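Each of the two complexes below includes chain A, the first together with chain B, the second together with chain C.
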Partner chain A sequence: MIKKSTHSVGLLQLTGYIILCSSIIALFFTDRWAIGSLPIWKYFGALNTMNISVRNLVLFALNIGMAIIIKAEEKNTDERGVVIQNYSAKWTFRFAVFFAVMMGLIINTNWSFLIYAAVVQAYYLILFKVCMYRDSALVYMDEAQIEIYSKKIIKNFRITFFSQLIITSGIASYFSTFQHNAGAYNLSLLIGLAICILTYTIYTHWKS
Partner chain B sequence: MKTSINSIRPVHITCYAIGFICLITLFFTNKWEPGFFELIKHHPLFIEWGLTVNKLTLFLLNASMFISIVSPLKNEDERLQKIKNYVFIHTFIAALGMGIVLGLIMKTSTGLLIYTTITQAYYILIFQICLYRDSLMVYMDKEQLKTYNLEINKRFKTAFVYTGLSAVIMNILILNNRFDLTAIAIAGCSFLFFLIRSVYMHWQN
Partner chain C sequence: MTNTVKLERARINLSQQDLAEKVKVSRQTIHSIESGKFMPSYILAIKIARVLSIPVEELFVVEQGD
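On to the complex of A and B.
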């Protein structure tokens, strides 16, 4: 029988969380701090020449904070932690590739990689935490067993999926016809898909 | 442990064939671009999505690679599972690091499809090397990996200096001190350097 490992927050993890929270708050104020607006910016000549905006810097700090949390998570892991880590890295990689391919095909404007990396790292953290907290049985399954299990779960999720599709298509058609904002179609589709994937993964891993 | 033979199924062969054909067609997409979507080009959805032949071929390439990665091989033993786990984590970290650095340095972001093509190609390369050479890195702990990394870093010190020098020389001679192009040059040089380093690292038993 595998024990549940207690969740202990170390000093490194705490700094990661502090960086993460402060950079999320700072994202709301990046417009006011644009380069040249504050007197500090004259000491950072390289930023001006390389065209690194404040928003990019804040997003970079956010990514670094998340990476520190992930790295700190690795340190206090036993054998079970390693198994969970393997599992979540594998599925996050698959999710990341799938997500990027769909976004690259559907969405016209190029996205910045920093937002993409933040989304992927957040997904990894959520998956890892849920698996660690609930000790879900999915981690110890083979690929064939996972396939059978996920087919069973998809049956439960059929209603949710269809309702989400109808709601998102309604919102998209409203935006594109009445507001003359066709770009909202992609965005609403993407947000609907993201919510569906998030609820699906949390539901599947919560049931142990 | 024994080296298991790389037994690929027909799925993999078709995936590799589709990927190869897509790679070849990528060279000719510029000629097919006008007139290809003449009928459906004026549909608002296609204008909004910005679908081009280039994007579609890249999508096909990515899809074939993804299927070839996900579908299991013929003899799935414990060693193969270990290699897969190791390569997934390794590629995940490398891809994230590349994405973060590229996002910070480059002003215009390249398409996500190109990014995923690079990461998936990297995954397939490292996986095949680990399978073929049966590299010891797969069975190492984290501390052993750290010491091994430091050892490799010592050997690659001169190569690292040379890549930096070549980037600087390219900046001065060819790019005329343009910072936006220099970022791309540095990114390309460092990418090549890390590619060679990781191939060397996994090749050594």
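On to the complex of A and C.
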């Protein structure tokens, strides 16, 4: 495997970041750009008939931007990068399944698959980057070694995990009680859980 | 498995970056190999051995426990 540090890869990555940042900024204005409010939408009649919202279009662009960044990262790598890719893909798959199960359990209302895809892609990208630049020892361990390592660090996790869980539940209760929004309770629990997982992923992989 | 990449590299006064460019991998990969974390592929091991002008079995030594 040859490292392809070319101009095209840099350009691809830049394009991805521009799309990603623009989409994130655009997400704040999607309410004002409802389908039909701008004259340009008349040229996209099919979107109107398919009932695709502007928010979904922006989220779609966000996912595309993230996919381009991942592609560029994967292109610009060597055989160690391939090992890290495989490791990240394995753990992202586990995270995706776990997150989907928790979503099914906790969330009662409709949940956008575009947001789910963005969360999973973001998790993969963060895990890949952290492992790549910190050269995490966990990447090169087999399942048995990871199990021994996780038993060692579980004690440190216990206190911080429970404190995070209490804070998350507190925020969720605040939303449900004071904001009179019962659905927000489940949503904040899920977001809290995702933040917990992300924090511990970064924490465990930070040690090189 | 242990390796003497760092020693051999120092012997011919080659930096990690120089070796990485010669075998077309990143500097971090050379660092990982030297620290014993990452086991290179057969092709990469041969490439490194060629650059360092040393037989591959002398550069990468298999220990009894491996």
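Going forward, the second predicted complex is superposed on the first by the 187 of 208 C-alpha atoms of A that agree within 3 Å, B and C clash if a C-alpha of one lies under 4 Å from a C-alpha of the other, contacts with A are read in each partner's own complex, and residues count from 1 in each chain.
Throughout what follows, contacts are C-beta pairs under 8 Å (C-beta built on N, C-alpha and C of every residue); 3 or more make two chains touch, one makes a residue touch a chain.
Because the structure is a prediction, the values reported are computed rather than measured.
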Touching partner for A:L187 - first (chain B), second (chain C), both, neither: neither
Which of chain B and chain C A:L125 touches, first, second, both or neither: neither
Touched partner set for A:I52, first chain B, second chain C, both or neither: first
Which superposed partner A:A89 touches (first chain B, second chain C, both, neither): first
Touched partner set for A:C196, first chain B, second chain C, both or neither: neither
Chain A residues touched - chain C or chain B, whichever exceeds: B
Contacts of A:Y140 with chain B and chain C, given as first, second, both or neither: second
First, second, both or neither for A:F60, with chain B first and chain C second: first
Which of chain B and chain C A:I171 touches, first, second, both or neither: neither
First, second, both or neither for A:A26, with chain B first and chain C second: neither
For the chain B and chain A complex, residues of the former touching the latter: 44, 48-51, 55, 58-59, 62-63, 66, 69-70, 72, 76, 84-85, 88-89, 91-92, 95-96, 99-100, 102-105, 107-113, 115-116, 119-120, 123, 142, 179-180, 183
Chain A - residues contacting chain B, complex: 49-52, 56-57, 59-60, 63-64, 67, 74, 85-86, 89-90, 92-94, 96-98, 100-101, 103-108, 110-117, 120-121, 124, 143, 182-183, 185-186
Touching residues on chain A, where the partner in the complex is chain C: 1-3, 77-81, 83, 132-133, 135, 137, 140
Chain C - residues contacting chain A, complex: 24-26, 28-29, 31-32, 37-41, 44
